[in-house]
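Take a look at these structures.
Note that chain A is present in both complexes that follow, paired respectively with chain B and with chain C.
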Partner chain A sequence: MGVTCVSQMPVAEGKSVQQTVELLTKKLEMLGAEKQGTFCVDCETYHTAASTLGSQGQAGKLMYVMHNSEYPLSCFALFENGPCLIADTNFDVLMVKLKGFFQSAKASKIETRGTRYQYCDFLVKVGTVTMGPSARGISVEVEYGPCVVASDCWSLLLEFLQSFLGSHTPGAPTVFGNRHDAVYGPADTMVQYMELFNKVRKQQQVPVAGIR
Partner chain B sequence: MADVLSVGVNLEAFSQAISAIQALRSSVSRVFDCLKDGMRNKETLEGREKAFIAHFQDNLHSVNRDLNELERLSNLVGKPSENHPLHNSGLLSLDPVQDKTPLYSQLLQAYKWSNKLQYHAGLASGLLNQQSLKRSANQMGVSAKRRPKAQPTTLVLPPHPGEYGVLSHRLHRASWKRKDGKAGQCSLPSTNRPPRALCGKCRVTLGKVLKVIVVMRSLFIDRTIVKGYNESVYTEDGKLDIWSKSSYQVFQKVTDHATTALLHYQLPQMPDVVVRSFMTWLRSYIKLFQAPCQRCGKFLQDGLPPTWRDFRTLEAFHDTCRQ
Partner chain C sequence: MSGVRAVRISIESACEKQVQEVGLDGTETYLQPLSMSQNLARLAQRIDFSQGSGSEEEEAAGPDGDAPDWAGAGADQDDEEGLVKFQPSLWPWDSVRNNLRSALTEMCVLYDVLSIVRDKKFMTLDPVSQDALPPKQSPQTLQLISKKKSLAGAAQILLKGAERLTKSVTENQENKLQRDFNSELLRLRQHWKLRKVGDKILGDLSYRSAGSLFPHHGTFEVIKNTDIDLDKKIPEDYCPLDVQIPSDLEGSAYIKVSIQKQAPDIGDLGTVNLFKRPLPKSKPGSPHWQTKLEAAQNVLLCKEIFAQLSREAVQIKSQIPHIVVKNQIISQPFPSLQLSISLCHSSDDKKSQKCAPEKPGQEGHLYVLEHNLHLLIREFHKQTLSSIVMPHPASAPFGHKRMRLSGPQAFDKNEINSIQSTEGLLEKIIKQAKHIFLRSRTAATIDSLASRIEDPQIQAHWSNINDVYESSVKVLITSQGYEQICKSIQLQLNIGVEQVRVVHRDGRVITLSHQEQELQDFLLSQMSQHQVHAVQQLAKVMGWQVLSFSNHVGLGPIESIGNASAITVASPSGDYAISVRNGPESGSKIMVQFPRNQCKDLPKSDVLQDSKWSHLRGPFKEVQWNKMEGRNFVYKMELLMSALSPCLL
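And then the complex of A and B:
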């Protein structure tokens, strides 16, 4: 896997989420990108159970359990700013057994689904972020396969992002800054998705104009 | 023209020589006539024999005389067309009916062309010998035995001062790894064994950018395959995979350019210099994803970063920007 940048694309003025996604995919197809199936990333939130909290006297930490269709046999468990565990998909069953320590937050499941596009060595995934039944935003993931060091190819990625996101090009993801010249891994992508989902959740309270 | 004139002067000698030939022929035929007729009727056998012998001798003498005359004349005639550049074919110019048989002018034209061809072929062969594309000293006509025995060469790239800054040390770390997996400097075996046995392959890792599989035949680099840092360079049975290409377009392109570089850096007499220059050139790919094109200033063109590195300046260019 290469270096990946996950960003949120704001919904265009006077357009629905669906229309903005279509606009974006049309732009990609004009660029010469080829459609290559679909993708899905989902995330479930767990609270630390009250019983364990009392003994440690800490504020409850949130744990996120995520899946990525790019790694169908893996399950990712992350803490905010904390470690990221990569496990087999059986981990979900384990979480049920750990009810005493981690409790699933109600209606917290958030996911993004969309189409996968290939353009040369770039892999672009444009997805609709949904929480429950409603569409909340748009995620854009760009992966550059040949490169494994994030800082090496950020300028190159930026140029590619600019070519189809225009003025909505994001800044460098925070995970890029922490890594220096370490090899980029799948966990870094999941951290970016987690941050994106958190951002979308917060927007929930202040509905964005244009989402219908 | 002088030849033509001298031929004209000697025409008289020619006609004399022709008549001399005729005389010779007739005298020779008289000899055979005499032999055919045999002895004439004479009174005595002795008289018959004497008359026959005398007659035969007369005839032979006349043959001898005619032959001498012909030889004398032939000296006069000489060899008329010897000095002519076209030898005997030069005589074609004497043909008065030029219009019907333009052989002579055609011949001259052909002669001129063949001269020119020979001249150009000579020039071309000189040039080709200077810039030999042959890839080993063997093919240059130097026998393998006479080739100086190559010492085990240790190839270490010197760190590049200044220019690459922090990155250069990373490159310095770019280690040679032999196929046995041991890291370290790549020392190539000496040529004590027959050259066929010297095929080797090594894996070169350049920073965290790419891996190169270098297939060597004795001290000559035969083939290179460039792959991504995160791509596997081994086959299922754990051997170096020297056949399959990278799944990324950018490294396929770099592989092509590396092959071009192999053909560019050719010095059959000094293979170690070739390896060194090639590795120095390859090192410039440490900034494959970081260096914008020196011509258009952009990173991407048709989805690819600047994959070409100039052989002399090592500057980065897109494939289409390099001209």
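And then the complex of A and C:
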């Protein structure tokens, strides 16, 4: 349990997604990070069914149901800017029952998969974001284990990020600012992933350089 | 008539309900028809009893003359009373009627009297004073008789009381025993689970209700022990309640954990002697049921621990397989080291008493581990108990509560792994044994070094509070008398299960294995470094100047342990220099450099003609260190430095 920063890494000029990921992982291995298996974060979008919207004409909110291999027994359900529910994996079965209220958006499944690296107190996960068959981008997650207050260790995280991301180092995630000096939790990580996925989804119109 | 067909005529009452009145407009008001009981009452009203009796009177007047002989008495009576005048022969119930009538009359009178008396207005009831009987006999005789009678009554009462007393005295003992049995049973019931099966009372010794899964039934039987000879003196510790314990739980048992340095002969395996602890002088007779039951329960728990350990010993795959022989489990935590866990169960039989007494020199118990085994099995019990704790959400999977909460509380991989640790009893106890052994070996190493080497000194500060798998010691290397200035070497030794982690004062971490030689070598090299550090500190205090300093000298003879360290310091005036080289094995070598002008035997150089060159330092000369005065290295060095410094006065 630590503080996590999730960011998107742009694809390097003239390289494919795969090559950029390899470049990053090689950098990490050079640093001395230890490979520790793989990780996977997936996200499925549900929208509220038309029958339940009512006559008020309110817009249907989107709900994201996510899983993270770091929390293998949990299932996260998030609304944009809304609450985050953490449940056990039986929640997926419940969603099937709630078909009348929440309908799964077609071909909305987006996920990131990659390798998990341990470097002292840092846990680094470099993954390829895929939507359907095509790779859309690169996600970089860095977790600093010993601390749970984001503001206390952000500069440390930033320094570490700079060491292998170079010029692509991200700014502080918005979730850090939401609750000042509050304890960072798994839900905050999932919110960051949700934002990342949304960003990647919006990108899809613009063809990403390097994907052929 | 015959020719005419029969005509049916329906007859009905003109009006079912009687008309009460007919209104002027012709409407009829009807009377409600009478109910059965009202009808009967109406009919009864119609009977004219007086008329009836009058007719009887008339009738009676007729035959009066016909049968005057048998009805005469009745008639006379009738005449007298003037109430009932009828012929009894005509009515068989007349006597009954008569009696009833008279009874009614008397009842009525009585009722009236009583009601009047109750009002207490006109009449009150007073007891009637009867006249005493006229004394027929003389008062003396009467007195005598009455006295005699009362005395006899008193005597009878006394006799009866005495009889009752003697009976109660004899019965008292038995009753007391009976009562005691019940009160004892009540006390037993407060501490142990009892149930009645048939005409027996059975109790439960097992830890099943606490979560044990050990299949031993562990029942005992409660026996009433009241058939004791009342005439004999009752022994002091007599108890009317006794318990019958299963034969395999009798006696006393304990788990013995010990670590032996050398592997014993294979012939010795499994013959752990059930040596007798000096038994407390138990009084003759059976012990109290409570102690008996507690001992039996302890035997049961020891058996369970041993069964669990031996099951794990067989299941667990380890590099060196654990050996289970008879009542002993042998495992090798470290090479040439043997951990033996044995179940010692001594029953009070004659057979076991013949056992040879244990040699007192044997490695002692590891009481801590024995205690921890008991703790661990109880923890294990608690785990099995808490896994089925209610209430439980209907949708959640069965299992441990923490496991159930791990989903909604988003536990990460490490936390889940820590929950799922399926480390068995044996693994835990072996780890603890390893730690205890490593700790004692470290302590022994430090102590032996401290006693062997006087200069510099080693101080070890052990922490009082330890984890079962980790403890720490702080090692200080100092020189006697110079504790304040020589504080450079402070080591924190974290003793784990397999290895010792040394944290240096400057943050370096060195990991040592369980071999004591490593620790010893490390400490020796640290001590050698300490001397050089001490010289450095001393130079600072004395005003000498450090020219060079090296912890690891690359020159000179190679040390078998670590590296030699060296320092060169110059005197405040710069005339003299002292060079110290200290190796863990080769020891210290101290050289002093003199100014050129003090060296007589120095050959005249052609180059250095000028007198100013004579201030240069010349060659080194070794100091015969062991001939120096002083109680330790630093003191000697201080003396040397002060000898070489020019007197300021």
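The working rule: the second predicted complex is superposed on the first by the 210 of 212 C-alpha atoms of A that agree within 3 Å, B and C clash if a C-alpha of one lies under 4 Å from a C-alpha of the other, contacts with A are read in each partner's own complex, and residues count from 1 in each chain.
In this text, a contact is a pair of C-beta atoms (placed from the backbone, for glycine too) under 8 Å apart; a residue touches a chain by one contact, two chains touch by 3 or more.
Fair warning: this is a prediction, and the values are worked out from it, not measured in the lab.
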Chain C versus chain B on the shared chain A, clash or fit after superposition: clash
Which of chain B and chain C A:T89 touches, first, second, both or neither: second
First, second, both or neither for A:C153, with chain B first and chain C second: first
Partner chain(s) touched by A:M1 [first = chain B, second = chain C, both, neither]: both
Which of chain B and chain C A:Y71 touches, first, second, both or neither: second
Contacts of A:E80 with chain B and chain C, given as first, second, both or neither: neither
Touched partner set for A:E34, first chain B, second chain C, both or neither: neither
Residue contacts with chain A in the superposition, chain B compared against chain C: B
Contacts of A:E22 with chain B and chain C, given as first, second, both or neither: neither
First, second, both or neither for A:D121, with chain B first and chain C second: first
Interface residues of chain A shared between complexes with chain B and chain C: 1
Interface residues, chain A side, partner chain C - complex: 1, 70-76, 86-90, 185-187
Chain C - residues contacting chain A, complex: 395-397, 404, 406-413, 415-416
Residues of chain A that touch chain B when the two form their complex: 1-2, 32, 119-122, 144-149, 152-153, 155-156, 159-160, 163, 181, 183
Chain A-touching residues of chain B, taken from the complex the two chains share: 170, 208-209, 228-230, 248-251, 289-290, 292, 298-300, 302-305
